[in-house]
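The following pair of complexes shares a single chain, chain A, combined with chain B in the former and chain C in the latter.
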Partner chain A sequence: MPPEIVIPAIDVRVIAPMLTIFAWATVLLMVDLFMPGKDRKLTGYLALAGLAVTALVTLAVQPAPGTSRTSFSNMVVLDSFGTTLTLILLLIAAFSIAISINYLSYHNIEMGEYYPLILFATGGMILLGQSTNLILVFLGVELLSITLYVLTAFFYPRYTSEEAGLKYLLLGAFAAGFLIYGIALIYGGAGTLDLFEIGAFLNTSLAVGSAFPPGALLVLIGGALVLIGFCFKISLVPFHMWTPDVYEGSPTPVAAFMSVGTKGAAFAALLRILIVALLPFKIYWLPVLGVLATLTMLFGNIAALMQPNMKRMLAYSSVGHAGYITIGIMTAGTHGTESFLFYLLAYALANMGAFAVLITLERRGEMAWSVDDFAGLWKRYPLLAIAMATFMLSLAGVPPTAGFFGKFFVFAAAWEDGQIFLVFMGVLSSAIAAFFYLRVIMRMFMDEPVREVIPIFNRGLTITIGIAVVGTIVFGLLPTPLVSLVQNSVIALGVGG
Partner chain B sequence: MLDLIWLIPLLPFIGFLINTLYTGRIADVHTRERTAGYVAVGAVGAAFIVALLAFVQLGQLPEEARLHQVVLWTWLATGSLNVPFGLMLDPLAGVMMLLVTGVGTLIHIYSIGYMHGDKRVARYFAYLNLFITMMLLLVMGNNLLLLFLGWEGVGLCSFLLIGYWYEKRSASGAAVKAFVVNRIGDAAILLAMMAIFFYFGTLNFFTTTVNGIEYPGFIEETSRIAGVTVGIPGQTFLIGTIISLLLLIGVTGKSAQLPLFVWLPDAMAGPTPVSALIHAATMVTAGVYLIARTHAIFTPTTLAIVTWVGALTAIIAATAAIAQWDIKRVLAYSTVSQLGFMVAAAGMGIYVAAIFHLLTHGVFKALLFLGSGSVIHGTHETQDMRRMGGLREHMPTTFWTYLIGALSLAGIVPLAGFWSKDEIIAHAWKHQGDAGYILPVFFILVLSSAMTAFYMGRQMALVFWGKQRDHHYHPHESPSVMTIPLVILAGLTVLAGALNLPGSHWLTDWLHPVMREEAAQFSIGVAVFATLLAAGSGYLGWWLYAVKFANKITVDGKDPLYHWTGDIWDSMAAAWYFDALYNSTIVPAYRRVAGFFAAVFDPQGIDGIVNGVGRLFGRASNGARTLQNGFVRTYALAFFLGVVVIIGYLITAL
Partner chain C sequence: MFPYLSLILWLPALGALALLATPREQHQTARSIALAVSLLTFVISLALPLRFNAADPSMQFVEQVAWIPQWGISYHLGLDGLSLWLVVLTTFLIPIALFATWNSIHAQVRYFQILMLLLETAMIGVFIALDTILFYLFWEFTLIPMAFMIGIWGSGNRIYAARKFFLYTFAGSVLMLMGIIGLSFLHRDATGAELTSFSLTQIMGDIRTGAFALEFGMEQLLFGLFFIAFAIKVPMWPFHTWLPDAHVQAPTAGSVILAGVLLKLGTYGLIRFNLSLFPNASEWAAPAIGILAVIGIIYGAWIAFAQTDMKKLVAYSSVSHMGFIVLGIFALNEIGITGAVLQMVNHGLSTGALFLIVGYIYERRHTREMSEFGGLWTVMPIYGGLALVMVLSSVGLPGLNGFIGEFAIMQGAFISPALGWGYVAVSVIGVVLAAVYLLRMYRETFMGEVNKPENAELKDLSGGEIGMMVALLVPIVVIGLFPTLFFAPMQASISEVAQAFRSVVAEGQ
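This part shows the complex of A and B:
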């Protein structure tokens, strides 16, 4: 009788979305290799199809409400939170590809591997959202980062793009060092990398006596380092400094992709770590995140105030928004999760839209992105001006846009949680932020054109802008369906179920 | 059909959208004008048909089931405030809705002729449609907030339409005046709404259940505040009194009662069909509707005040109407006066009579306004009655229909105005023992109605009898698109009294589920007395101006009666100087405060703070940008410092 080998039960459904997107990306690389001619638009369309298929797979395997599935020795979880997040990430990726298709050929940087890279990065993001093991979290971060280093430097031979890629790589490696060191410390302290088990370990070890056990201390320091690693990814002050340079240097669609996709996924992973593993340490991480969020909101928005370069302004604005999302993360456990998802979607629509408008005005061989180009846009391209105004209002959080409800839910959750000071700082910094968003609107509607700018329209851009405008306004007027969706997206707090 | 009542406000709204977004872009002037008119008339007409069907179906339900609510969506849900966007249809909303869409349709048709050749006519019809939508929301909203949306919406449309010819300074001034005066009332309504929400926790009129969620209503719960008082020790007020007084202030604004009636005569600067629709038949009656709808809240104290407000308004406006030369201003003051009758009726607790008079007045006053519009149209924009005269030969249709309207307003048997006005006066006479103030109110109302007959006799004589006194124009009858609505309205004026004849009292029965009133008692003595008085004073008015002093009336001359009355006549012409009073007291004080804010507080205080803050953050922003020097080593250093601070904090925090 042969010896029995115990193979842990594998539930393929749990990783089905990732599996689909990775497989599609790999095959797409091959297909692209053998594709004749220089035109690579077909690769882009095939990548879009891949995203659609992944979305269908995600919907097909979604867990019943209130339940979750774990597999691979509890390293990956599929819960309704992960499903909703995956769908949002796929939407972001689809927007990014749609606005890239003509951009690449227009700027003579059309290469087929661009699209599989976006797919790989998206897969990494999905993995981040679903992993319940620190090693997998690290894997997700690196998968995402390395593809983004390449994408950042994709604007060959523009030197700012190369510089941005290199900067991102250097600082990313620096941050990854902290992240992996933190993971090692946690393992040293808790003896496990499983998030559920870390949480259980902390609960038991903190409950034993009044003295702070050394294992827990290691986990605390390790957790702080992991947190810092993520702060880099989501660009919280003072770990944000790469952001404006990298966004400015990278191709605009990549900047758009990074500003919402990377952030969303990193926030999701951080959220899961905080509430599954490190919840017993809430008294420690809460003030740290509170101070970082405050600094981020203030600094991001203040730095954006006098910024004449639209791309850098949007970069700083994305730093500011990271602060607001952090407030949502901090109140995880009450309404933080749902406000985070709502905010992410509202922000994704408005920011992708704003970047798409920026692309229509971007000209070959120029690196200006000046706010002057928006002057008088209303008189020449009223629809484009209205779209941009919608995005600016949503980013500023003015009703009746989705951005308003995003901010409203985040602040309401923080208020219920007793974080009055954070709400105050959030509202104050929003008031500051309103200035530079409204300045764009004012330039568009009240000024005369400074120079002749002819926008470039194509199907991908138009559809992206259209969907973003409609979504921003519809979710601003009727947030209820979206609210019920995010309310049902709960994070699995335990194994199975 | 009852579940489709949302179509009724939606249809005119679609008309509004088409005329705003599409019609205005048609290049050809004639096509544009025709399209705008047809779209607007079609939208309102369709709404009228739907309203009629819904009304009939409502009538087929058993009496106690005649309350149908349709909640379309949850409008607002924050904390304990849960407001549905819901419409309702009950007998009261039903008759209002028919008046609004029915008279509205006729006035829309009339407008096609009246506004012919106007260059902004698409905008005119769009506003008119929007007005109908808002008025329907006002009468059909199933909660106070939706009513308030309609209330503000009709106010906006009124503003837009009074100032429709905004090139005329008087028109834009009148629009602003109407808007500002109404704001005072609206603020009171807002306060009343807050108080109602505070004490009842809901803004819905009646309880309704949608998808398992129960929306409670406050009308059924009014017993909850019975006897509840607020105030300082020694001086307390019933909550019900406070809320209803606030509502009354709102009513005095919208329904042009004392002391806020001053905007309505000026509002005649708008196109005449607008005066007919908004400033006579529908919008200004919203206050009466509001009292009828929320009458459960009104306490005896407030009702006494309501009665006095109505009665005094009735007489003051009636005296003012006597001394006007402008054909429309006579009708405007007359409207104020008749609204006073309705409010007084509501104050005396006979809501059915108030609604009855509202309906008949809506019909015959629309007729009179449209008739005056026809006169103005036929005399090339002449409004001064001294320049008219002898028009009955040139404008026969207008003359006969106008005569019917005038007789109805004067209260001559058997026209509609007689029955509805008699019900109010008869009630006051029969119930004079209910409270000490009823008898004086009775005399005031009788006197006002005698004056009503007098000024209508005067107007008929000045406009239609005698000789044409100004020969700068050639009078002509208006086109049939204008006269047909006149004829229809005249027919309705003859028939509308049948709504609530003594003995049949259909309207009382119909409104019974809402008002729970007994049928009014008919008093043959009062009826004969009132009719004789009306006929006598009406004849006197006609005889004085058509026979006795016919030759003394000259263009820009004084009124013949001025010789005997002098200053009193001037006071009446100026509506007892209410405008002058406001202009010398409230307005200058308001101007000074506004001037202080505009000249001192705003530039130095607000702007100073704003600019200072702006400069501060601008400097901070430039500072922040210089930190960003582009060197990776700086970035890594900042990063590392962050790490040190965070780890340091955690270690010390242990």
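This part shows the complex of A and C:
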């Protein structure tokens, strides 16, 4: 009698959001192939529709707060944390596509593949947020990275774009090496790749005897390597070197997409690994992440001070923000998770908005994004200047903007966890950061124009900037609904819990 | 109950919104609307002292609505004897400042008025917010309109001054944010409550009843975090360097509000937060802070004496006068604090008036150098007379407002066990110096012969300018002659602060 093959129970609802977006992206590739003419805007609109459908599917399968579903041998989980994250990621992707549609044709780099690639990357991000198995984490990271290698090099007439793609590829491969080696060591030590089982393994093996069991030691070393792999993706200092060059070289909408989307997804996966699998090692990873977060906040913000180039400034500022988010995830308590999601959304609104403003000022065939172009913007385009000022204030964490509450929740979570020194470093570095955000505002409102700059507006940009401004201010004044949302977004700590 | 506080708080902001709808080029319309809104706010705010129950030391006109219930953050307003006059001072000075822009602000008029009204909302909010996060929100929001006013409508080195103003205060306030967070979590853990509470009255009440006692080291840390934020705003020596820059570059209306109200946010915070929440640390720090205050008094006066630019002189005199207020607060007794609060109002009136006086002559001659003037009294007699009264009020002449406040502060410092006669002895030198530099300014500009031909033809004050001066003169004289009228409503609240202070400190020993 042949051995019986047991097919594990499959709950398609768990992967429904991913399934939708991947299917949509694949079909869109085909549709694009047969689409007549050179105009590819329709593909972009169809991609937006795909994101909307995915969002609806996500809402439909959303589990009740505090409950979760697992499937595929517990490799994927659908919990309220995952669905909230998915919705935020879909919003980020929608912004990225909205600001791309006219950008691509204006700069003569319009190709239909662009939009499915964004969808694939978004699918990879969703996978990262939902996977509870290290192999799937790796799959998510690679899916995300490979599409982004292409997207960063998408501005092929520019050498800097190709350079950015190559740099990102090389460092990405390097990081993947760390990641996969770390995963292998963890498997060697724990005998499993399942996050829940790794956590259980550590709990039992650390409880037995006083000596440090060799299995746990392997997991510790593996965990450190996995952490290094993630540090590249979320660009924590000193693993951030690629960030400014890659952001500067890639098409601006892609830089915007990476600066919030990739980071958010990688942080979510890291958060899950830290609090589901490696929580018994908190005494080890807490000081390490604390040092990294401090370095990142200080270095990112100090480096941003020196940048006359807006795109590089935003790149360094995103490095600085990674430091704050790290504080949110390392405190790992309930308030830590909440603050991470809130911060991510507030940061996404402000950063996407700021990049969108940058795109309105980006000239064909030019590569300078000098802060000089912002000088005197107030006198000629007051609404654009007010929008940019709102984003800058939100990124700096000045009330009444969503960015302020983001910082407040992160610092509150850190204080609750007893990390008073980190709170101090956080407030100190936000005082430094205020310097360069304020500089942009001053140039816009208080200086005379340096040269003639005519912004280009189109529907996608206007809507993105509008939503970002309104969101930033409304959540800065009335964060209550958002707080309820993130409070109900709980990470599943056990199978089917 | 009728929500007086919300009405006074949001009316200016609504006015700012309405201004957005006016046509950009109609400067006169924008000015009139802004002035009307601010006058209306002032009139409504007069209901506060009238309906205020002077015998009740607790918060009055209280409004509380849940805002972020998950964190225990609420929209919580209230007024007590400490904040009553400061709110009225704010609503009183804003129309004067707006009126002063009539002749001095000609570019982007509408936006200036909008910023001024937004600033009014933010400043009133700071004085009446009883939730620490709400307080922080208003506190930070005062920065944006003021920085823009300096940066867009200022003179010369305005961008540098605006940036310095913003960054100094912002650096201080983020430390305060850390303090606010820490305070609430420590309060939650000490009282065993499930949720954090950011209600100032709740935390203060628990401190007074002993339900929430801080460990001394932690109390010192929190005290320090709040103190730095407020000391920068006051500004106390050695955090004062932003002030002369900001004042010199700011337009006249901006200077009036900056000196008149914004600096008081700092001293108000010192009483409301540092003194009320951290009594033991306050007592521990009082001698050192007293020394800083005295240094500020002497230093500010000394540097003011060396100035040739009138606006700089008045700006440095603020450093000196604010030093007195801090000295009164850290006398830690009723009389000292009462004197300090009254002196906040006095300084707002007389320094506001002095900035207007400098502004008038600057509009006529476009210089503020004292050597450019002389004998103005003969050319502009009304101006000379009014300026003399304001100078004397600032010097602290008995019969005018400044005397009462300074006297109470000195008395408080003298009997205070934390400070003592040594502090008073040195700070008296500051009073003498104030008379020296202010009267010297008066002598050089108003007395003597008219020695410059440009000055011979200057026009005396217009009706509107006289009106503003008279408006300021009324409270100056009334406070000077009938100080009890102003002392009475604050008495109950301040003696409660002082008594609670003594009892908490006594318990700790």
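Throughout what follows, the second predicted complex is superposed on the first by the 490 of 497 C-alpha atoms of A that agree within 3 Å, B and C clash if a C-alpha of one lies under 4 Å from a C-alpha of the other, contacts with A are read in each partner's own complex, and residues count from 1 in each chain.
Keep in mind that, in the parts below, contacts are C-beta pairs under 8 Å (C-beta built on N, C-alpha and C of every residue); 3 or more make two chains touch, one makes a residue touch a chain.
Just so we're clear, the structure is a prediction, and the values are computed from it rather than from any experiment.
Asker: In the superposed arrangement, does A:Leu438 touch chain B (first), chain C (second), both or neither?
Answerer: After superposing on A, A:Leu438 lies in contact with chain C but is clear of chain B.
Asker: Figure out whether A:Ile386 sits in contact with chain B (first) or chain C (second), or with both, or with neither.
Answerer: Touch status of A:Ile386: no partner.
Asker: Quick check on the superposed pair: does A:Lys167 touch chain B, chain C, both, or neither? Answer first, second, both or neither.
Answerer: first
Asker: Does the superposition put A:Met446 against chain B (first), chain C (second), both, or neither?
Answerer: Only chain C is touched by A:Met446; chain B is not.
Asker: Quick one: is A:Leu139 in contact with chain B, with chain C, with both, or with neither? Answer first, second, both or neither.
Answerer: Neither partner.
Asker: If we overlay the two complexes on their shared chain A, which of chain B and chain C does A:Pro479 touch? Say first, second, both or neither.
Answerer: So A:Pro479 only meets chain C here.
Asker: Could you tell me if A:Val398 is touching chain B, chain C, both of them or neither one (first, second, both, neither)?
Answerer: second
Asker: Overlap of the chain B and chain C footprints on chain A, residue-wise?
Answerer: The overlap between the chain B and chain C interfaces on chain A comprises residues 435, 478, 480.
Asker: In the complex of these two chains, what residues of chain B are touching chain A?
Answerer: 73-74, 614, 617-618, 620-622, 624-625, 627-628, 630, 632, 634-636, 638-639, 641-643, 646-647, 649-650, 653-654
Asker: For a test of understanding, state which residues of chain A touch chain B in their complex under the given definition.
Answerer: My answer: residues 167, 170-171, 174-175, 178, 212, 217, 220-221, 224-225, 227-228, 231-232, 238-239, 241-242, 244-245, 284, 287-288, 299, 302-307, 432, 435, 478, 480.
Asker: For chain A, which residues are in contact with chain C within the complex?
Answerer: 393, 397-400, 404, 407-408, 411-412, 415-416, 420, 423-424, 427-428, 430-431, 434-435, 438-439, 442, 445-447, 478-480, 483-484, 487
Asker: Which residues of chain C touch chain A in their complex?
Answerer: Interface residues on the chain C side: 67-71, 133, 136-137, 140-141, 143-144, 147-148, 151-152, 158-159, 162-163, 166-167, 170-171, 174-175, 177-178, 181-182, 185, 196.
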